[in-house]
Amino acid sequence: MTISSVTEVMDDERSVKDGVDQETVDAVQKISSYKHGWETDIETEYAPKGLTPDIVRLISEKNEEPDWMTEWRLQAYERWLQMKEPDWAMVDYPDIDFQDQYYYARPKSMETKPKSLDEVDPKLLETYEKLGIPLKEQLILAGVEVDEEDIANRKVAVDAVFDSVSVGTTFQSELKKAGVIFCPISEAVRDHPELVRKYLGSVVPMSDNFYATLNSAVYSDGSFVYVPPNVRCPMELSTYFRINAENTGQFERTLIIADKGSYVSYLEGCTAPQRDTSQLHAAVVELIAEEDAEIKYSTVQNWYPGDEYGKGGIYNFVTKRADCRGDRAKVMWTQVETGSAVTWKYPSCVLRGDDSQGEFYSIAITNNYQQADTGTKMVHLGRNTKSRIVSKGISAGKAQNTYRGLVSMHPKAKNSRNYTQCDSLLIGDQCGAHTVPYIEVKNNSSRVEHEATTSKVDDDQLFYCRARGMDEEEAVALVVNGFCKEVLQELPMEFAMEAQQLVAISLEGSVG
Amino acid sequence: MLKIKNLKVELTAKGKSILKGVDLSVEAGSVHAIMGPNGSGKSTLSYVLSGREGYTVTDGSVTLDGTDLLDLEPEERAALGLFLAFQYPTEIPGVGNMTFLRTALNAQRKARGEPEMSSGEFLKEVREKSRTLQIDSEMLKRSVNVGFSGGEKKRNEILQMIMLEPKLCVLDETDSGLDVDAMKLVAKGVNELRHSGRGFLVITHYQRLLDHIQPDVVHIMVNGRIVKSGTAELALEVEKNGYADMMVELAE
Amino acid sequence: MISDERQRAVMEHRLSGLKRPESGWSAPVRSEALAHIQRVGLPSRRDEYWKFTRPDTLVQASAPKAALFDNDESPVFGEVDRLKVVFVDGVFDLELSDELALEGIVIDRLAAVGDQGSHWAESVYGKLEQRGQDPVVRPLAALNTAFATDGILIDVQQTPSKPISLIYVHANETSDAILHHVIRVNEGAAVTILETGPAAARFNKCMEIELADDSELHHVRAQGRDHERRAATHMFALLGARSQFKSFTLTVNGRLTRNEIYTELSGENSSAHIAGACVGDGEFHHDDTVFVTHDAENCDSRQVFKKVLRNGATGVFQGKILVKPGAQKTDGYQISQSLLLDDDSQFLAKPELEIYADDVACSHGSTSGAINEEALFYLRARGIERAEATDLLTLAFLREAVEEIESETLADEIVSRLMAWLLRHRPE
């Protein structure tokens, strides 16, 4: 169906618009549903509440870390005490009491680490099964229909992180054969200290910002990936983050290194139970792409967004940055942000190598009282570097959605290019959509182009869909999916379908 | 009038050799056509003649009435009487078509030590000459090539050619993207300019333009060299048999 | 807010040399403005709003020296029939000015009427500036309200027969001028305000404009070629229903220029078009900071800013479209573009949208780059030499901004000044 031809069809658009608008307003009142809001009933052990040097040491001890790691954490903790929470983002939330949280929570059954997936507590396995992420090696992610033959080529290795620990990682031995290391970062600290010491904190320095510093002190687990030179990672890698415990923050750390000439595609998903109190999630992700290497990093963020009155939900304060360290390195960030009560996140690229490339594709959907302040930074340092930013923000209910970005062309980044397109869609008259780009051009052979638009969902398109038999919500989902298409098509197939459904679900009851 | 001797050219950025020794002479009063398959170097030749950046001449010479062209800036070549009708005329938002044409005309006159054309005289001339090409005053008012259809752009190129009265006209794929009516208009414009003191180099992929602009000599360019020259018959032969035959023939 | 002792010291040092009237109709609002500055301090480099422009020389106690500039050009708008109001280094010049009388308008000088007990301007003076202090503080404007020494107060009752032309002359190397103008345009009236000249070594100027329903104000400004002058200017415009506000500024040279425009579209169907063209060569820092607030339905706004920079010049654009809840059917457009003619120049921009109404069509675009080589070659292939071709393309680039001027005569004059500048500044 071609939606674009709709204007030619409509004669009496004025009356139609009015009709749709009224229903829109009514529909906004309805409640959206969050399908991952259930809780796993499991015995959990916690570290004592609050944050002290002892807690930092305890986390380090639980992970059986070497001294250098403990010291690094303690140093971060000291720095963090000196720092102030940033207040420049267009988000508003009550003060967080950092002493009224748990910084470490682990299912009791994980006390002795399972040797294989077979030994993992069935309740945990069930949890992931229910989330559509079976921790079995013979299956691909649920909900994806592919040809029999194709299945072998569409394997996805999963690292499952539950509260503060990784419960299991699939396909590890098969990856090992290819020379790829994919394991929980706690394991990498013990088993590959030379790699971790070389790269950890080299993209996001220990005291980069308030939340990253907090993460450096208390991160408990996360994923580690190393792809050796000239290896094309034989399957998609993914990490699935689940917060289950109450009053607990999740602080994961991801480190991905693509050595010279290698390629890896990594997916990340996240969900949490429905609770009345907000929970903190402060992650750090560092990507390193050496010469001729390529990293594709995709996120479908579906943390619990809070209820229709703005109660509960995850505070998602995340620092993600990639360093295109070598010439011709390439990093591509794709994100679908539908969850969280508050999102503060700017996946960035430092384009250090000559001819390196950074891309950022983003869909951010906010509904009810959600707030998102997200975007990217493209810092061009090398010659002939290229970046592309495509951001689609959708705001409904009483939500606020901000694109914030930086494109910086340094004097030495000759002949570089940036193209930025930021589009915002407003659904209903109680929400907000904002664009705050920073552009700094310090040489004249580089070209920077930025375009942004803000508008409402096209009533003509909605009416056209409805005239063909769709109900209002289907019509909105379809039109919004169309609006997001440029970004959706950049997602790996495994995620594209889930993302499309998410777009529809996130907007449930917000129609307009 | 135009003498090209053993011209060898490569792409500056990639060092890739494009023209591998082209020899060609266009005499005053004659129309030469260059035909050839895609990628044979036809358009490169037109760009090198007009002085576009990005090409390095590694050997050979090009002279126009005895003056070495290769050391000259594009505008100096234009003032000497070289005109390139672009395959893809550039759009220049904000610069009015008339302003552009008058600035160009007077710049060339100045360079040749001739008096500038007054605005009244210029207006009269443009109106008259644009009529033959069916270019209306609205099109003259717009920015250079902005919002022009493919055919309008090519007619605009020919209008410039008529106004600037060059000695040597290079038409680069002027027929591409034209329907038959537009092509006839363009050909009419060119034919009216044919003159004992003027030479033409018509670059084209297809023979059909040559039905309307009868060439005196036809050259076939393949892989950076002129491999065959002949009369207008040669073009018909290409039209019938394609370039493949010729390339096979050459290989033998 | 004042964040440290150093900032407080800078402010106190600046304020120490300034005097304000203690009585008369303007005294209360001047006191309020002073209290505001004492609360928020003067701009400092750490302020987000001054991220791209260093305010140091604008807030230091005395004006940095600016050598006098011998301008051999004919006066800008010299051929236009206009009512001339001349200030030399911020001081009204009776000799050079016309008689301050024109049918349809009432015109007073702030210095002449400031000690009266009441005046019509009381309802505007400092009041629009106050509205413009939120959500971003503009301490230099408050400083102006508190300490302005003079300015003109124009009440436009009916459309006057000719433009009112404010001419600023810079005659002293260390002059530090603070002028505050108020213009009220009554229902159905229209007025054109021209501003020309460099004014002083350092110039702080504020203009408040109140547009009643169905009124119009056209503002065309040429900031003068003085190389070393510094200026911080503010315009505050409040638009009634169906009113039109059009402002264009040409800036050539000047060491430092910060032009802030704060426009509130508070009446339905009103329209604000704000444009600027700047050409800078060498030590030149130019900052356009524009804030457009849509607070009524069916309004349109345009911001068109073009900058041509060479030899280490810096261009800054901070522009915002704020659409308040309920301001439906807003049409907001903003474009900021820079043409960098060499590698030493830079363009820094922050084009923002902040939107709280859904039935809107808002867009912004920003580009930066070198001259279009394709177009340059095309022109040269037609015989136009490089320097002239560059000028043609530069002028074409600037044209979109100049076209925002409604009067053809005034636009032509701006174009000819730009052409003259380009000719003078052709690279060797």
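We call the chains A, B and C, going by the order they appear; numbering starts again at 1 in every chain.
By our rule, a residue touches a chain if its C-beta (ideal position, glycine included) is under 8 Å from a C-beta of that chain, and two chains touch if they have at least 3 such contacts.
Keep in mind the model is a prediction, meaning the values are calculated, not measured.
Trainee: Work through the pairs of chains, note which ones touch, and then classify the graph as line, ring, star, complete or other.
Mentor: If you draw each chain as a dot and join those that touch, you get an open line.
Trainee: Report the chain whose CA-based centre is farthest from the CA-based centre of chain A.
Mentor: B
Trainee: Quick check: how many Å separate the C-alpha centres of chain B and chain C?
Mentor: Centre-to-centre distance between chain B and chain C: 49 Å.
Trainee: What is the distance, in whole Å, between the centres of chain A and chain C, each centre taken as the mean of its C-alpha atoms?
Mentor: Here chain A and chain C have centroids separated by 43 Å.
Trainee: Once you find the CA centre of chain A and the CA centre of chain B, what distance in Å lies between them?
Mentor: 55
Trainee: Under the touch definition given earlier, write down the residues of chain C that touch chain B in their complex.
Mentor: So the residues of chain C in touch with chain B come to 372-375, 377-386, 388-389, 392-393, 395-397, 399-400.
Trainee: Can you list the chain C residues touching chain A in their complex?
Mentor: Going by the criterion above, the answer is residues 48, 325-326, 328, 338, 340-343, 345-370.
Trainee: Taking the touch rule as given, give the residues of chain B at its contact with chain C in the complex, in rising order.
Mentor: Residues in contact with chain C: 50-53, 73-75, 77-79, 84, 86, 89-95, 99-100, 103-105, 107-108, 111, 143-144, 160, 164.
Trainee: Which of the residues in chain A end up touching chain C in this complex?
Mentor: It is residues 88, 90, 409, 411, 414, 424, 426-456, 512 of chain A that touch chain C.
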